[in-house]
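There are two complexes below, and they share chain A, which is joined by chain B in the first and by chain C in the second.
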Partner chain A sequence: MVVRTPQQFKEMQDIDVKTEHRVTKIDPKEKRIEVHNLSKSETQWFSYDKLIVATGARSRCLNLPGSNAKNIFTLKDLQDGIRIREYVDENKPKQVAILGGGFIALEMCEAFRLRDIETLVFCRRDLPAGNLEREISERILKELQKNGIYFLTHHEPIAFKMNSNGEAISFETNKAEYPVDMVLMAIGVIPNVEMAKEAGFELGRTGAIKTDFTQMTNLADIYAAGDCCEVFNLVSQDWVYTPLGDIANKQGRVAGENAAGGKATFSGVVGSAAFKVFELEVAFTGLGTQTARGYGFDVDSQIIEAESKVGYMPGSKRMLVKLIFDRKNGRLLGAQMVGKEGVARRINALAVALHQRMTIDEVARLDFAYAPPFSAPFDPILIAAEQAAKKIRK
Partner chain B sequence: MVVRTPQQFKEMQDIDVKTEHRVTKIDPKEKRIEVHNLSKSETQWFSYDKLIVATGARSRCLNLPGSNAKNIFTLKDLQDGIRIREYVDENKPKQVAILGGGFIALEMCEAFRLRDIETLVFCRRDLPAGNLEREISERILKELQKNGIYFLTHHEPIAFKMNSNGEAISFETNKAEYPVDMVLMAIGVIPNVEMAKEAGFELGRTGAIKTDFTQMTNLADIYAAGDCCEVFNLVSQDWVYTPLGDIANKQGRVAGENAAGGKATFSGVVGSAAFKVFELEVAFTGLGTQTARGYGFDVDSQIIEAESKVGYMPGSKRMLVKLIFDRKNGRLLGAQMVGKEGVARRINALAVALHQRMTIDEVARLDFAYAPPFSAPFDPILIAAEQAAKKIRK
Partner chain C sequence: MTKREKLLIIGGSAGGPSAAARAKRVNPELEVTMFEQGRFVSYGS
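Up next is the complex of A and B:
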């Protein structure tokens, strides 16, 4: 997963990557940064012409009694992953408690079950992936249960009990106390903006760094990119916090090009993402019903179930497609899909439709590639759009 | 493959389906059709208020000496397929000659090889799927050869030699004579328009029936739909002949709705299709380089090779993506892709882009769903579009 080493940066592009150097302060007036050299334990100032802040995000932690136990993990980067794997390899936990029901929690369910570890998921909401539509989340819950995951809802976490070795041995909630061999906190991330805030960066309503479409911050010659900053959502026309790897990547390119004198812009996202949980593919783009309502859209939706390819083809699976649209003008606002086959790669056609502000009627008329190994003559997306369009026509 | 029987039509929707009834004449002045009842061997006239002509297409045949041999087949409908299977089951041919290098020919290569039949493909052009871009066709040829298909080019067919049993035993071309156990002619289809032509239907430049966007023909109260008629290509803005199942299906719905008093339109296609040949997925949409040039576009193109998902994920495969675009304004004109995984479902995002007349620069900025099991942070489509856009920017 290490795409390029510091050596490769140097050799390929003459870029100096200073590892083991922690930036501790940004001084925008003097255009310099304070850097702590961790290996030499010394601090010095570096001056800059242009600065790109890419401080990323960190895992949220619940600050409970016992939260510092050494078998309580978070998962954000490669090192976290290595730590978790090493702990599992060395301590052979029989059971793990996961706090949270989002994508990381769900992906880790699969990872733990593949190692035969009994997995309990503690979730505040009543369904996994609670920011998705109810029908999609229900399908995910079914898949979790089929794979032996215990999904526990409405637990208020209270404390972890530790043994003398500094390991959590139980997790206490308002309902009961659960013995644990290991804990994963997967309750989201928060942007690393403290240093930026102190230096006078403007933060957005989301708490992440505010930039314009060139990734420039409010401060002269300073850009920001990635999980530490906001991104513009083209559907809601609002700046949001969507810390995802592909967005970070694109923002970084734009910030880099502009810092080097270019004129690139990053126009924004529509909110596309996908993940896999056991055999299930989940994909979505745009706004969900609740979010769309919050933005004042006159929301309606349509959900259909259809085959992923022509029914007589081997490997065809049922999939759910839910379209969220504006009843007033038929504009597509979002789409969510779940199924065991042919889901994730299908969503992008609807991402394009969102970029282009298409109506469900226009979506229903799209000319998709049809061949029995890949789709029925009417693709599930077209079926859903046609059903949705009928609601408005009448 | 029989979606609905005549009985089901009757029970579900009170529709009379008259099988074994051949329409032999259309009389638009008297608004009636001449029908030959095959089972009773009698002919009568039926009058109509509205008529929908859906006479489809038939396989093209080479009219060579010996073409009528009983082991020479074409493949257009279910009955053709059954006949071929029965002949194979009964006669256990060791070898088959396929005339033609299009989709049907290629799909049948796989079918014959799965039954261990040595397969020779005779093709006028130097590459299979010769209407696709050269790089795509070359990849297909490699896949054919890997699977033991003999692909023979530039043969002028001369005759079939028959035995006393009425079976072709050899195929003679300008180059050589090849022994054959069985022959498949897969050299395209021609629309069944003879009866329509005789009745005064206007035909298009392609030779198929001309309709407007409501599927109405030039004759009062007569609609046409499916493989017997033309379809409007939204990229070239030209009426073309594209006999494909999903298009026929959509035209049929529009014709039906309008014949019943509705006001539906079929706005056209962008030319999306996909097929599978052995392990390879092939998908395309829009115009190819040559066709686009023929329409006067200032054509440029960009081809890239990329992983179908993140390289470290199991099952990731290399795929080719070629984008065809207008150098003048960057407008996307077409896209073709080939690879072993994740190709067919990917093409539809580009079909939407064609419907919306997007530029390659706009395509490069699309927000696609990223997750390692399905795609790299930069989807192959985005990589291709970015490379294409760079060509124009400089």
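Up next is the complex of A and C:
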């Protein structure tokens, strides 16, 4: 998982990497930062000509009685993953409770089931991946149930009961008490902006660091990139918080280029992502129905079910395609798909359509590559777009 | 001799390493230091 080690950074590019060094203060007036060397317990100031803040995000935690038990985990970085795996290896838990129904929770369902751990998912909403369209989430729920996951909704968490070893042994909700050997809290992330805020960085409406299209902050010679800052959504034309690794890397490149005297811009995202739940591929791009409504679009949608390849080809699977569009002008606003095959890659065609502000009519007439092993003469996207276009053609 | 310009980067997961690598490519004379509080860098991709 590690793309480059500190030694490789040094040897390949003469970049100094100091791990186990926590930056504790930014002083934009004196252009310096305070750094705490964790292994030596020493504090030192370093001065800069240019500074890039890429402090990331951290897992959100529920503050309940017993939340500090040592078998309650969050999963954000490599270290968290190692900790979870070591705990499973050493303690062989039989039952795990996952709090949350987002994609970290869903991906971990599969990981725990592979280790034969009984998995209970506690979700505030009535469906998993609750910010996706209902039809997509319902399909995900079916897949969870097929794989023996217990999906429990509308539980108000109350407390974890601990034993004398400091381990949680049960999870109490307003409805019942569940024995647990291990807990994963997967209820989202919060941007690490405290230090920046204290230094006078401007934050956006989302609470993350505000930047311009060159990744520059409001402070001179300081840039920001990644999960600590906002990103511009090209569909809604709004600055949003979308903490994802691919975006972080792209923003980082732009920040790095500009800090080095170059001229680069990051124009924004359309909001594409994909994840896997057991055998299901889930992918989406653009805005969902609710979000699009919130932005004042005259929202309509079309959902279809189609085969991923020509039906007679081995390996062809059914998939759901939902398109969200503006009834007024037919503009595509978003798309979501779920199925066992050919989903995650297919979404990219619609991401391009969003970048180009295409209408569903234009999407319906796209010339996609066709051969039986890959698609049908009318690709699922084309079928969905054609049916959507029919709705507004008078 | 002129002093080399200093770029400091806070964070070594995804945005930080990408920034460091690009900055150094654009201006090899830049003195680049990246700080990470954890034990690993460059795992966010």
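The definition used in the following text is that the second predicted complex is superposed on the first by the 394 of 394 C-alpha atoms of A that agree within 3 Å, B and C clash if a C-alpha of one lies under 4 Å from a C-alpha of the other, contacts with A are read in each partner's own complex, and residues count from 1 in each chain.
Operating definition for what follows: contacts are C-beta pairs under 8 Å (C-beta built on N, C-alpha and C of every residue); 3 or more make two chains touch, one makes a residue touch a chain.
Just so it is clear, the structure is predicted and the values come from calculations on it, not from any experiment.
In the superposition on chain A, A:257 makes contact with chain C only, not with chain B. Contact with chain B, but none with chain C, is seen for A:342 once the two complexes are overlaid on the shared chain.
Contacts of A:249 after superposition: both chain B and chain C are touched. With both structures placed on the common chain, the touch criterion links A:52 to chain C but leaves chain B unconnected. By the document's definition of touching, of the two partners only chain B reaches A:370; chain C does not. Applying the stated contact rule after C-alpha superposition, one finds that A:20 touches chain C and leaves chain B untouched.
Of the two partner chains, both chain B and chain C are touched by A:1.
Once the two complexes are laid over each other on the shared chain, residue contacts for A:78 go to chain C alone; chain B is not touched. Touch criterion met: A:283 reaches chain B, while chain C stays clear of it.
In the superposition on chain A, the residues of chain A contacted by chain B and by chain C overlap at 1, 245-246, 249. Every residue of chain C that touches chain A in the complex is listed here, in rising order: 5-28, 30-45. Taken in their complex, chain A has these residues touching chain C: 1-6, 9, 13-23, 26, 33, 35, 38, 46-56, 77-79, 223, 225-228, 245-246, 248-257, 259-262.
By the touch criterion given at the top, residues 1, 234, 244-247, 249, 266-276, 281, 283-285, 312, 342, 344-349, 351-353, 355-356, 358, 362, 365-371, 373-375, 377-379, 381 of chain B touch chain A in their complex.
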